[in-house]
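Chain lettering (A, B, C, D, E, F, G and H) follows the sequence in which the chains are written, and residue indices restart at 1 in each chain.
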Amino acid sequence: MPYTYNRLNKDDAALLMVDHQAGLLSLVRDFSPDDFKNNVLALADIGKFFDLPTILTTSFEDGPNGPMVPELKEAFPHAPYIARPGQINAWDNEAFRNAVAETGRRQLVIAGVVTEVCVAFPALSALEAGYEVFVVTDASGTFNQTTRDAAWNRMSQAGVQLMTWFGAGCELHRDWRNDVEGFGGLLAQHLPAYANLIQSYSQHQA
Amino acid sequence: MPYTYNRLNKDDAALLMVDHQAGLLSLVRDFSPDDFKNNVLALADIGKFFDLPTILTTSFEDGPNGPMVPELKEAFPHAPYIARPGQINAWDNEAFRNAVAETGRRQLVIAGVVTEVCVAFPALSALEAGYEVFVVTDASGTFNQTTRDAAWNRMSQAGVQLMTWFGAGCELHRDWRNDVEGFGGLLAQHLPAYANLIQSYSQHQA
Amino acid sequence: MPYTYNRLNKDDAALLMVDHQAGLLSLVRDFSPDDFKNNVLALADIGKFFDLPTILTTSFEDGPNGPMVPELKEAFPHAPYIARPGQINAWDNEAFRNAVAETGRRQLVIAGVVTEVCVAFPALSALEAGYEVFVVTDASGTFNQTTRDAAWNRMSQAGVQLMTWFGAGCELHRDWRNDVEGFGGLLAQHLPAYANLIQSYSQHQA
Amino acid sequence: MPYTYNRLNKDDAALLMVDHQAGLLSLVRDFSPDDFKNNVLALADIGKFFDLPTILTTSFEDGPNGPMVPELKEAFPHAPYIARPGQINAWDNEAFRNAVAETGRRQLVIAGVVTEVCVAFPALSALEAGYEVFVVTDASGTFNQTTRDAAWNRMSQAGVQLMTWFGAGCELHRDWRNDVEGFGGLLAQHLPAYANLIQSYSQHQA
Amino acid sequence: MPYTYNRLNKDDAALLMVDHQAGLLSLVRDFSPDDFKNNVLALADIGKFFDLPTILTTSFEDGPNGPMVPELKEAFPHAPYIARPGQINAWDNEAFRNAVAETGRRQLVIAGVVTEVCVAFPALSALEAGYEVFVVTDASGTFNQTTRDAAWNRMSQAGVQLMTWFGAGCELHRDWRNDVEGFGGLLAQHLPAYANLIQSYSQHQA
Amino acid sequence: MPYTYNRLNKDDAALLMVDHQAGLLSLVRDFSPDDFKNNVLALADIGKFFDLPTILTTSFEDGPNGPMVPELKEAFPHAPYIARPGQINAWDNEAFRNAVAETGRRQLVIAGVVTEVCVAFPALSALEAGYEVFVVTDASGTFNQTTRDAAWNRMSQAGVQLMTWFGAGCELHRDWRNDVEGFGGLLAQHLPAYANLIQSYSQHQA
Amino acid sequence: MPYTYNRLNKDDAALLMVDHQAGLLSLVRDFSPDDFKNNVLALADIGKFFDLPTILTTSFEDGPNGPMVPELKEAFPHAPYIARPGQINAWDNEAFRNAVAETGRRQLVIAGVVTEVCVAFPALSALEAGYEVFVVTDASGTFNQTTRDAAWNRMSQAGVQLMTWFGAGCELHRDWRNDVEGFGGLLAQHLPAYANLIQSYSQHQA
Amino acid sequence: MPYTYNRLNKDDAALLMVDHQAGLLSLVRDFSPDDFKNNVLALADIGKFFDLPTILTTSFEDGPNGPMVPELKEAFPHAPYIARPGQINAWDNEAFRNAVAETGRRQLVIAGVVTEVCVAFPALSALEAGYEVFVVTDASGTFNQTTRDAAWNRMSQAGVQLMTWFGAGCELHRDWRNDVEGFGGLLAQHLPAYANLIQSYSQHQA
């Protein structure tokens, strides 16, 4: 059967950040804390850079799960923010579904904590609802490598596309010439090794 | 083709615990003993919490394979308990198949030791028989990472959904409000990192 | 679509041991030498135990690749032995294909060195020829984990079933009662941890 | 120079549990949460089993570091409990030093979170003060394997003896006959693999 | 559905080397530098050995990304060399697409840096355009194992075949007798373990 | 022999940052880039927080090694900055030795790239010159884990104390009450997991 | 201080095999079962090959710990066999100490299960008693890598020399010419990779 | 006690390459073949660059161990070459000891295969004979990480200094200005990541 490559498109994509809460983050152990923090903030910067409609949601944020990480709230001060009263699958929350629908977008970029629940459940629900679903794997964390592997497998077999923040950013950007400075700056901030290249280059130029 | 997300449903799921026997457990080396014990008991608690019809089965329990771990027997004192006289694939045992059929459930949650045999064989048989099959990967153990990878691949390619005990529990629970105390307690008992969050929260509240 | 579970059947399976040669074995680094030797000999014992028609083949055995490991030759003194004059894919060798055809079997159990070539090539060819193909992953070795992962993925996506020697043995045996002593003895010889169970059991019985 | 093997002696050893607090535990990533919880509780059980004078201490327990894990408080209801007002090195706290001195013991068994600070600092101070110091490595946790390695090296080079809870327990017990039931029960509770041996053995005996 | 094994065919394959640039290579951390250098040069030697039409391309080579590694330029002095002015996906560059089309080949062998972008994007585009796509996984590198896993999964699920340089070389060669000396020499240069076999063999022969 | 615990003392310690240059950093592969960047900047913040006399040095910064990372230059605008004309061991540079001597400190905290050369050489020289030497292992990087292990061993056997940035910071700080806000803020910035604790705590307090 | 290299000497060494019992072996997880079985039997063969006085001992062999592995009993039918009634440290058993003394040897080669107890305790005791102690690390097993690391560190810091079965065998043998056939045969049996070299060599010779 | 830093000195060092033979190299599994080949040849280039007196030796080179790797023979055509007739410890061979003595050097740089035997034995003997011994760990290989760890520990505790080829080269070179081109070229050839830096630098300069 012929394959169609529906790329992530900045005019058709929305970003869903699910349950990146201070308490829940302490459960994430398939990334080092530094790596994971960087990945989540890089994805947030991508959402802002491409002006993707973005939706934030939390689960029980007044309890042990803790508040959404403040950097995300600050990054998207005007985004719909749905503090779910109890639904584990964000898609079960009508306000969340409506917020997604109101974006008018058909490509959903999802990341969250923990991967096999807060990410996988809405990802599969969105797939069923006819959306294209792209999970940003390195901005989604869970208890260990085994639970991650199982979660990735389940989502992938259902039709979810597994991405990374760097891959998603590049697929959205398409061409460096659309904004060399801006996109390069974003990368430099979140890829120390790339920042090093830029510094060496700049010095050699000078 | 359109995707349908048939979630685990506490009214349509049954739990099959296959060959968690004292001797066979000594063969499991893709988890630390502490982690594996915790995962198996967490899954048992999930079965009890959601009142899932549960079936226990063993293979040659009077020989070197040893007795079923006592915690499982105690957890499900009224569950059908099928000590198989020789069938390696539990599905080849008529009493087991009948016990499954009598649950009236169409979603089978399976875990066992070892993954590529005691789990994979009945999982594939159940799939063929038309059931939806969910394997709880972290309550299923085997000799090493390589044999696990092969087993997961075979099952997944056939249509089995790879889950974890935490994912299965959350998919069954749907909404924290169905029983915050109960489900939170279950998690606290089996997720030390979550218990820590609750303790810090409780102290701060006090 | 409905799934059919065509189990490995001792009356319909043949075993193909491809290029387990002394020189080539020094290239295998995705297993420890002890583990790999044990896995290969365990698979050979399974072939003998179930009287599977078995075919041995080598590539350039008079050169640096070296001779087939002597234990395999001794295990199958009457098996067709095809020393290929140059074909990398054993399936390109007419004598090999004929030997396979003459077994009259439709299920091919394949293992060899190295996985992405000596195993994958005939596996994909056999698949195309209409056979059911089961690759014994832990009796097949290659340069490192990365090349293994790629090889498994390619074969699996094409329709090959990834097995282990233990899984294959159990699927062929079906029921311990078919020969408790024999099969138990085979396991004891190749699973030290299982041998330990038997020893403890025997002593306790005595 | 002649070597003297001063074994851990239940009449000369004291146990120091340093900063096992709910918040700080979320920083520990050189053990899985299940493993670490088990190790800490096993060490506590050893302290109780051998009636070791035990001292509990915390750092800033009313703030983000959180309360001492409740199981430890319950295990040692009458132990000196020093909630340090600010000293990072417990040894800098006079009450703590006094509590240690009042035990009259010269062998200090220390565990805590995090290894390179809360364990290493008092360990080195105690060494300087002339105590024999035994660090229970697997009941002490830190950020990652690298920081652990550095901490172990620094302590070991200074003269600290690196132990495990199992090694410490066995060195204190000396002879099974001192209390077979008691010590075996302790092991069974914290070594699932040993519990399996006991269960198989018991069944075979029955 | 019947499976067709379209092997890599030296008369129908073209080689695409994407963005192996000095700066970008410093980002590659899913291989050791020695391993990766060897893999890339081995693939280049395969392209030359089988006279595969080869296309080189770079991204922003005058900036921080740096120049294409000189060994590749030297290996293919007459190959189309497309220094892309900004397109991230090489397939978005018309000159690149035309160069591919002009080869007249339908099988594309692709490697590059980084895997989830410079390799995956043109691979998926080529798939959509009706080509058969073979990605040489070990001559393609990226930031870490996690991003690699996600990239492999996305490509594989779309229909890309995951290969290695050794597998690709062997599938193209088909039969050692086509050129024993030449192919053996290529292997000896890039597989030190194979070179050792040849040296031992040669000495024993002498 | 009696052991003396000479703690790091903010009034007797100086900080030496050796060859953290943009080019050389691309060689570091025993840490993820995010982790390493964080560790280096955390150590710099510790130097500033405790007002440690600090010395920066580079090797051949106008060539491929590249410029010192700009964050370090900015952090210590008034620090002696020695761009070495060729000496590999910074201690061989008279200006460097003099700068160290002029600090009047006897405890040297050293970090750099790569560990077995730029760190180990001056560390061993300083030891010989009678200084106490503390190497910050996690702000020092090298090619891989093997070279790191060898370097740590050589330094440790000579008498260097292996530290981490967190351990060094805590040993210098001694007591939280010296500046709770300041030190807590430093930790929050470089320990995402600790920042999460603070955020949860703050919300619960509010 | 001058260093003296007291090599293992077949006329001054004795072999102590401590607690290699069927039950206890199921606790060993720092080696694969195949590797560990091979290492233990290789060490036994070395003991026999060099006619080392050998002492076997077990702990509670009638209980869950299980019987000594039969291969060891068979290998040393005339060796002193001390089934300890309760002493955890074999050195605490007078019969054991006497058996050691009666060998008249001053170099003790020790291996056992588990490393931090059954090996470390008698090793440290023997050191105190003035023996030279060589622990065969790869024929000694324990719960995991962490406990192993701690055990090795404690023993090594006390003065134990850490060896491997291969190193011990070679140090005892001194010169191949003492018995090329015999020693080569021993290696071939326990080093599959070496056996492959011999097979290739033999074929090339033929 | 005061520490003296006796650096490797090109006028006082000799290089000993022990048993890098084609057959034995197939036993090395603590490095990838590409990495190990590169390390060994890098060390050889260091020996040549600094004109170190160099001694080559082999063990049983006419048998399965195979010939010395040809690159080493070619690198040192005039070096003493001692094909030992049987001594496992090269130091037991009088010609070898004499060759070492004739160099007149007191610092011995040793590498070989396998680490715990062919390296450790002569290293310890040389130490006893009063030499300073520097083992190049990454040009010395063995069966696995465990045997390596034991070998490093034994040598290090005896007084051997653990080095790497890069560390040894830099310690010998002292100052880049002694020969920037030469030493830079050597590094570029054996450190692909450093070669990339040079290429980017050169292009930017151009």
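Here are some notes:
We adopt the following convention: a contact is a pair of C-beta atoms (placed from the backbone, for glycine too) under 8 Å apart; a residue touches a chain by one contact, two chains touch by 3 or more.
These figures come from a predicted structure and were not determined experimentally.
Under the touch definition stated at the top, chain B and chain H share these contacting partners: A, C, F, G. The interface with the greater count of contacting C-beta pairs, when B-D is set against F-H, is F-H. The chain with its C-alpha centre at the largest distance from the centre of chain A is G. Rotation angle for the C-alpha superposition of chain B on chain C: 90 degrees, rounded in steps of 5.
Look at the CA centroids: the one farthest from the centroid of chain H belongs to B. Per-chain Cα centroids separate chain D from chain F by 30 Å. One inter-chain figure worth recording: chain C and chain D are separated by 49 Å, centre to centre, where each centre is the mean of the chain's CA atoms.
Residue positions 23, 26, 32-33, 64, 66, 191, 193, 196-197, 200-201 of chain G each touch two or more of the other chains.
Taken together, the chains touch in the following pairs: A-B, A-D, A-E, A-F, A-H, B-C, B-D, B-F, B-G, C-D, C-E, C-G, C-H, D-F, D-G, E-F, E-G, E-H, F-H, G-H.
Contacts from chain B toward chain F in the complex involve residues 197, 200-201, 204-205. Only residues 2-5, 7, 30-31, 137-138, 152, 156, 161-164, 166-167, 170-171, 173-178, 180, 191, 193-194, 196-198, 200-201 of chain F touch chain D when the two sit together in their complex. Looking at the complex, you find that chain C touches chain E at residues 23, 26-27, 59-60, 63-66, 85-89, 92, 114, 116-117, 120-121, 124-125, 127-128, 130, 143, 146-147, 149-151, 153-154, 157-159. Only residues 22-23, 25-26, 32-38, 62, 64, 66-67, 69-70, 191-193, 195-197, 199-200, 203 of chain F touch chain A when the two sit together in their complex.
Chain contact summary for the complex, chain G toward chain B: residues 26, 29, 32-33, 144.
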